[in-house]
Amino acid sequence: MNTVNMNTMSWVAYRDRIATANPPIFLPVGALEQHGPHLPLGTDALLSAAVAASAAEQIDGIVAPALSYGYKSQPKCGGGQHFCGTTSVDAQTLIGLVRDTVREFARHGVEKLVVVNGHYENQWFITEGIDLAMRDLQPGAKIQVMRMEYWDFLTAATLRAVFPDGFPGYALEHAAVIETSLMLHYHPELVRLDLIPDDGPANFPAYDIYPADPDWVPPSGVLSSARGADAVKGEIMATELAACIAKAVMTEFERA
Amino acid sequence: MNTVNMNTMSWVAYRDRIATANPPIFLPVGALEQHGPHLPLGTDALLSAAVAASAAEQIDGIVAPALSYGYKSQPKCGGGQHFCGTTSVDAQTLIGLVRDTVREFARHGVEKLVVVNGHYENQWFITEGIDLAMRDLQPGAKIQVMRMEYWDFLTAATLRAVFPDGFPGYALEHAAVIETSLMLHYHPELVRLDLIPDDGPANFPAYDIYPADPDWVPPSGVLSSARGADAVKGEIMATELAACIAKAVMTEFERA
Amino acid sequence: MNTVNMNTMSWVAYRDRIATANPPIFLPVGALEQHGPHLPLGTDALLSAAVAASAAEQIDGIVAPALSYGYKSQPKCGGGQHFCGTTSVDAQTLIGLVRDTVREFARHGVEKLVVVNGHYENQWFITEGIDLAMRDLQPGAKIQVMRMEYWDFLTAATLRAVFPDGFPGYALEHAAVIETSLMLHYHPELVRLDLIPDDGPANFPAYDIYPADPDWVPPSGVLSSARGADAVKGEIMATELAACIAKAVMTEFERA
Amino acid sequence: MNTVNMNTMSWVAYRDRIATANPPIFLPVGALEQHGPHLPLGTDALLSAAVAASAAEQIDGIVAPALSYGYKSQPKCGGGQHFCGTTSVDAQTLIGLVRDTVREFARHGVEKLVVVNGHYENQWFITEGIDLAMRDLQPGAKIQVMRMEYWDFLTAATLRAVFPDGFPGYALEHAAVIETSLMLHYHPELVRLDLIPDDGPANFPAYDIYPADPDWVPPSGVLSSARGADAVKGEIMATELAACIAKAVMTEFERA
Amino acid sequence: MNTVNMNTMSWVAYRDRIATANPPIFLPVGALEQHGPHLPLGTDALLSAAVAASAAEQIDGIVAPALSYGYKSQPKCGGGQHFCGTTSVDAQTLIGLVRDTVREFARHGVEKLVVVNGHYENQWFITEGIDLAMRDLQPGAKIQVMRMEYWDFLTAATLRAVFPDGFPGYALEHAAVIETSLMLHYHPELVRLDLIPDDGPANFPAYDIYPADPDWVPPSGVLSSARGADAVKGEIMATELAACIAKAVMTEFERA
Amino acid sequence: MNTVNMNTMSWVAYRDRIATANPPIFLPVGALEQHGPHLPLGTDALLSAAVAASAAEQIDGIVAPALSYGYKSQPKCGGGQHFCGTTSVDAQTLIGLVRDTVREFARHGVEKLVVVNGHYENQWFITEGIDLAMRDLQPGAKIQVMRMEYWDFLTAATLRAVFPDGFPGYALEHAAVIETSLMLHYHPELVRLDLIPDDGPANFPAYDIYPADPDWVPPSGVLSSARGADAVKGEIMATELAACIAKAVMTEFERA
């Protein structure tokens, strides 16, 4: 049994860690969503769990099992729900998952919970889930919850290094340079570099349309090219993310 | 990318498999729940996923990511919610997860979905989730869904072999001989044989009481002893389960 | 006004009983579900109410009106939802009914509530309803809730007497010997012995399938024959159930 | 087995009636609510079921089991939720009960459903339940649903006869002359005439206040005196209600 | 910034009013619903807001933004859902809106909340929303909530003056004399007197039918004629409503 | 009755417009939320409605009543829920409001619906509401829905003109230059320029924390200074927004 992944620990080991060390618990939230022909459907869960584990290792944290299914994919940030393989849940379901698990960690005596989101569309439903759990727990509860999109910890310097021609923005970074590089670092066996499509950056209007128009999105599902991705960039980013998240967790929760 | 786990496939590879081979998709449903001092918290998700993968390999099926969090633990079958580490969700959440994912697989064109439950308490909420999804999909939908507790495929002969002194019934088989043996087969590195407690079979009344009385359950969380567990029994059971489930899937869906 | 059925008491009489005697309140939960050609649709509500009343009479308890509609019938235990006359509710509805009524009994000052289930499919939704009510009421609430399937109080000796050729298990005991005998004892005018079908024990696979396959179930709706039923067996079982339930209620709640 | 009450019929008998006679099905909706010291808690369910049965008998209709628990009691029409014994459900629960059962009757092939409400507070939640069921069933469904408060079928002439000093309005007719007279007709053994309180008509302001103020309501729970009640009035009203409802059902559904 | 409408005040100004003056807050609830050819769709929200503002001005109250969308229109009181332009919400949505906003006003420190309903169909869902909010806030919360249909404050004398030929009852007063007169007083530019239809009083049976029968309602949507409406009657009623509501608010909350 | 605001039209006028002109319907979604000491609580609803009306006027569109209450305020974009006066709803409520109203516009025969969001936190719950409505309406429904945050139509050139020292990003544009300038254009009487605080741009970490830390946000509630706001900038932006939105609506829906 390792000391990072909660699902491989016995309850006795977990309980003792909580009681003696008051460790931060990381809850990764991902998705099962198309990530182009070169990345696997589970990318968002794999990466949020990997980043969480890297951060947790630095500060003796524990990583709970990832929420593997995320909110419905949107054309502008994930390609949309018309892709085969994308397997999503409704708002109410994701809100419920987060609400219930936050409440359970509070029951365990956890005081430092870190929700690490790896799927853009999840953000606001995670927020609602945490908010409802905090309401359930009522003022005075000892648990505090941090919520983050992991990529927000990348520094401007790193983004300049990773995108020598300029950073196109997170909006189009779906199955593109950041995710592909991180996958090459964490799970190289799951990346098919030879299948990276040439699809240039998608160009979206200032609005959304329902039902979604599949023509807005390249048939590959890639919103901007992953051609610039490599494992070195992945390592640089992974190292920075782990360090910055670990530091933020330590600082924020010590302050509390 | 292997050919069994959906989350490690690209959407293109998944789509092509669905379109050409009409494979059965397995959805394992587990829990994060105390399993005594010798088994990890993730046992139910690990085992339902492992059994599903073994069956899927025999018939070119695909295994979707397990639902890692299950319904609230009950004293008589899982020890109850007072254990630290047990991390459960409400009925509505589990129902929603199943309903949403079943609907998504139907959208993919999946016609054969197999929900493999590994946590006793999940059964009826999975049932409701499937039922609501089928209602959403309306008569005429091509998808069919099998639902099972994997242990129900063990034959009487195997149970006699595994329990030479008599099978105590599935009710008490929590963190006991079957689960421990299967874990020794699939994930031996996660089993601490040296920590198996001596707790004899729990003796429950004919009713339940709320709030639950922790005194009903041994402090270890084990409902009957896992002393008789070994990897050979695990292999025998794993082999039988994979074969029987694979056969049932083939037979049932061919008949359709 | 009698002293057992809550719906025939005035609120003043009920209030005085609660205030002075702290009596157990029994809440029967049934169903409106096919029970073969020989038993009425209301069998589960009639029997759970009758058993509850028999037990209540022994210990000055009060019986609340039965929940007359139960969770959706499943092929393996109730024949399934394709039968005309079976009138079922969704999980959320049954959960809500139980949650709301438990909360109300707590408001009345009831400290001993006994939920007597007479429809197999209800079990887990009753459990969730009670659990949510207890959460609403928060730790410190004085109410305790027992939950039972009434048949679980039958002793092995009685089962041997009732089934001289061996007990086929509760799974198939739908509209069969136990229910028919109890109905002959409690409501003989509602039983049509002449219409008991010959349908032998149903033989189900280890899994469920959705949409349900009507061919799994005899057209009569009976899962194993009721031929062995008679009023004497009914009386023996009714007597034992009342005594055992009454005793369990007294013992458990005194211990509290 | 009689031919009026659905819960005492076998499914075969019910199915045959539906298939051959297309009978109206009556669904009574009541409450478990204080009705003063002289009437039982179950009055609303007992009366709505009795009126439904009387009407059904005239036109070969069938009466389904009453919904025994109603929406939360309000001070101005039922005394309010502060009374012990009043046992109510939330809006969502009652809406769900009605929605689910209407959908089930439609599945049975029922084309004429009559929801007979006997508890004032239920009205709008029954309406929502029916509306949602009709939406679920989609345009083209053969079922039609009538919804009524049974007392609305009393004629002005009858009200004049029953209230020689003037009808105070249905608002205050809680546990008063109409309900007490009907109970004396249908269930005289459940009425305690000697306990009718002297409480004069309650006098409410033009608004409601939350939390409710118990001082608005007489401690007895009676909103206007039942002194004028007798069994003859009960019979007159029961006869008129049965005849008028039966006629409305026949006329309305024939027109369809 | 005026001192009546909350949405035109800064939060600082609002906070200071709450902290220093403990003013009553009025929450108008309306609908977007057909009101015949002569009144606008927004009549119910416009009138409940106008009446609330008139009352608030007399007692230094504050008026929150109206809930502009109401519960589904019913044939007997609003014409029904078959009218184009009527834009309604489900029970759950209206209940949620009221529950959430009541809880928020309590968080602000508001102790006197007055919910002014202007759409008949809203009444019971507002009631449920307030009840659930009070439950959320738990006993001891300082907020009290009044709930009213504004027309219930009209005196018998005024009704006699407004309806010299007799008051037909509120049931038929949809887009009729009261609403048209009040609109002529408050928003004369939105009334088209020349388009008032001749439709006599609608004549409804004692029951409702689903799906609704459009033939029950005049094609104009008017349930009784607005011919007798004029601005003077509107002013008389507006003056009385403002005075009576203001007085009731002052009296009731002072008593508390 | 004007021709832009739906709530001031009669249903007959609205119906005729829909039937003959197939106009786009605009649904503004706002909030009741602190906007510093210088802007009113209703700013988001006022601005989304004003922008929608300006666009609608150009293309004969119709503006429905704004949803006046929005999702819970977050520290980084609206200051957070600790401010007095901020009056927010839960996710489920906002989702329901959008779902229900979209479904109603579809029933009216509306084919072009434009949801104009003016409160950042609303975005994803509006998305879910539309998605659920489209699912309810089923494939083949004629209605199409555009969804937008109105500010996304500002061009880079305009942002440069409005922010000569550089645009700080929409994240901090709460009660700052854009909103204040637009209010000075549309509702100058509701702006208190003299009360604009000096609070410099807020500086937030890469994560969120729950419960929110009020110290993250200036006590004024302003996230970056509105000092640069003026009515001319407001007019420039208002003109551009109206033109660009009108054009996008025409283009997108013509293409359909």
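Lettered A, B, C, D, E and F in written order, each chain numbered from 1.
Here is the rule we go by: a contact is a pair of C-beta atoms (placed from the backbone, for glycine too) under 8 Å apart; a residue touches a chain by one contact, two chains touch by 3 or more.
Worth saying up front: this structure is predicted, and the values here are computed from it rather than measured.
Any chain that touches subunit C and also touches subunit F would be listed here, but there is none. With respect to subunit C, maximal separation of chain centres occurs for F (centres as means of Cα atoms).
Separating the CA-averaged centres of subunit C and subunit E is a span of 47 Å. Separating the CA-averaged centres of subunit D and subunit E is a span of 29 Å. The set of subunit D residues touching two or more other chains comprises 90, 92. In terms of which chains touch, the assembly is arranged as a closed ring, every chain touching its two neighbours and no others. Of all the residues in subunit F, the ones that touch subunit E in their complex are 1, 5-12, 14-15, 18, 32, 34-42, 45-46, 64-69, 81, 83-90, 92-93, 96-97, 99-101, 104-105, 107-109, 189-190, 192, 195, 221. By the touch criterion stated above, subunit F contacts subunit A in their complex at residues 71-72, 74, 90-92, 95, 121, 123-125, 127-128, 130-132, 134, 139, 144-148, 152-153, 205-211, 244, 248, 252.
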